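Starting off with a structure, shown below.
To keep things simple, chains are lettered A, B, C and D as they appear, and every chain counts its residues starting from 1.
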């Protein structure tokens, strides 16, 4: 089994992005599964093509895209991606689309094909705060999640795919002037391992 | 140098109290300092006497009382204790005083005699979210903090003393139905070690 | 022009539901538009049929369904309804579906056909806190919004339709033990009038 | 009976300060009580002298100082003022003191001499979200509250005095990019009338 994990480069003035930092600490194999790690740009235009190329190159059995959700208290397993780009801040290429589709002509939304409830339950069972989220926003994270699910559905690929949001890391939170929730990177990595374990050993 | 750390027993339906769990993991010596660990009851009536007895028994050079502040995102170094018991929920003995003083005739409040800014800065510098807080509430935590500072001031004891609040542990947060901030116990323990280090090596 | 406004009966232990209280205070005519007011049950099973019957009876040109979003600070103009019933608490009929579709075989989601950005801007311009929301949840509110949009799309009806969430009323918030944001009912009514005005006078 | 109400000028980039806007709308007499309205500068140095002069000029029987607490959901009746100036942002004169006392040699804190619980209960009873707060911060609001209570106590004046914080007005919240709680100015004014009524008609 081959599982692709993607994280993002830093954005919004941050010097790290906990999504890729957490992924980097994953082992290269978990049980019988090979773990492939790819960093995506925080770009509406190029994040989709980079993801698409990774799918074509590695032909994974499952894909978990991961992003930073500053202000969240726990790990959020996303349930829905919408066909919408609507940014209040520019991406790393200076682009801030408003009310644009991710894929012109695509359906309004796709549900994740990951077992979001099972993943959430596994994390909580192991002491990692987690919940199912019903909105991945309308920024680059949602753009990647929609692109992934559109690829899977439109090409009828035998891939389980979805998106997970992680909070700020402790280091990020410690350097802010106002109080925000956070999670240690090692616990994010542990959470991703547990999610992968759910995919390897489905109920 | 002898430093007394106090934490609390569980209360409010929780099965653990992260304040004492974090303290239990501290080593018995940090540098040249001996660390003494005492668990206090969540009781308006008996928490003060137990603390007083510990001070008389161990005669510490510094005292850090620690309590749980459910809902906080980081470690809160308390700056003020008020002469007030005002509970919205009963303590572990079933007592819920309203608008009562901690010490009849005592001053309205005492400032902490810990270096609260230095401790906060040390924690943040090491990647542990922390802030100075201006209210320890009016429950048993404040009761203990006020009792400690009243003892120090009224007996003119050569003791640095104050109170630190810790968030829910990850395990506590993971088992709640709504999303709340949390911190891993090992990072709370690390935070307390850093606070102790500030006391051992003052600027 | 005929505009249908729906609100809900109380639920979750509340004695009022601000959504229908706000609607009741609307005038029967706004400019040239006739305002029709219907209360919906907080029921996964019967809310859809009651809404469908109202559409067939009144044949409105536009429909704004309104619901309570306890904890919100302002008026939330919903952008997306998902084909999902997933309740953590029972509805007023004692039903708490998990992971069920609203309409079996329906698409994963529908975007609102209201001008959500124009409505939000109009409210803010008139001093009423408002924002576009990307999730109407997975409870009865979302159930009604999805049902409405499915009716419109599947029957190809010439109707603008969508959903607006209102915060707790001040009276509701005043009687809670913890602090929650709220809005006076008259300002919710004002907000709905402004939304209606956007529909009557499109840019 | 003569009651002095003080509010503040705008600060922190805001164009209004809801505290004085709400006071301006109070009638000049409430029952048998004369209402005196004074605006204070957002200045650590001059707010105290302006307040002191107002007390000497008008010789009121009661004083309610009011300030803005951006982010609060309801009206907060402050219980404690601390002898501390500790600003993270400059006041309107460009001054940002750190760890300075309000009054050198003054006690660490004073409790409000207003009936804070009765005022809070009256507001809630009339549908205005309110709570007792245990910290007025360490900015100019606390500076004014401490100055007031120090004047009353040190001069042994027969004055009831304290501080009330109000949330952002709806207009302020409507123009922010992120969602924050708010209250309409007329409800703040209503809340202050209710507080005054408690002073006029004590239980």
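By definition in this document, a residue touches a chain if its C-beta (ideal position, glycine included) is under 8 Å from a C-beta of that chain, and two chains touch if they have at least 3 such contacts.
Since the structure is predicted, the reported quantities are computational estimates derived from the model, not experimental observations.
Enquirer: In contact with subunit A and with subunit C at once: which chains are those? Just list them.
Expert: A chain counts here if it touches both subunit A and subunit C, and no chain qualifies.
Enquirer: Roughly how far is subunit C from subunit D, going centre to centre by Cα mean, in whole Å?
Expert: 38
Enquirer: How many angstrom lie between the CA centroids of subunit B and subunit C, rounded to a whole number?
Expert: So the centroids are 46 Å from each other.
Enquirer: Express in whole angstrom the distance between the two chain centres, defined as the mean CA positions of subunit B and subunit D.
Expert: 30
Enquirer: Can you tell me which residues of subunit B touch two or more of the remaining chains?
Expert: Not one residue in subunit B touches at least two other chains.
Enquirer: Draw the chains as dots and join the ones that touch; what shape do you get: line, ring, star, complete or other?
Expert: Shape of the chain contacts: a ring, since each chain touches exactly two and the loop closes.
Enquirer: In their complex, what parts of subunit A are in touch with subunit B?
Expert: On the subunit A side, the touching residues are 72-74, 123-131, 170-171, 173-175, 179-184, 187.
Enquirer: For subunit B, which residues are in contact with subunit D within the complex?
Expert: Touching subunit D: residues 79-80, 82, 84, 99, 107-111, 117, 132, 134-135, 137-138 of subunit B.
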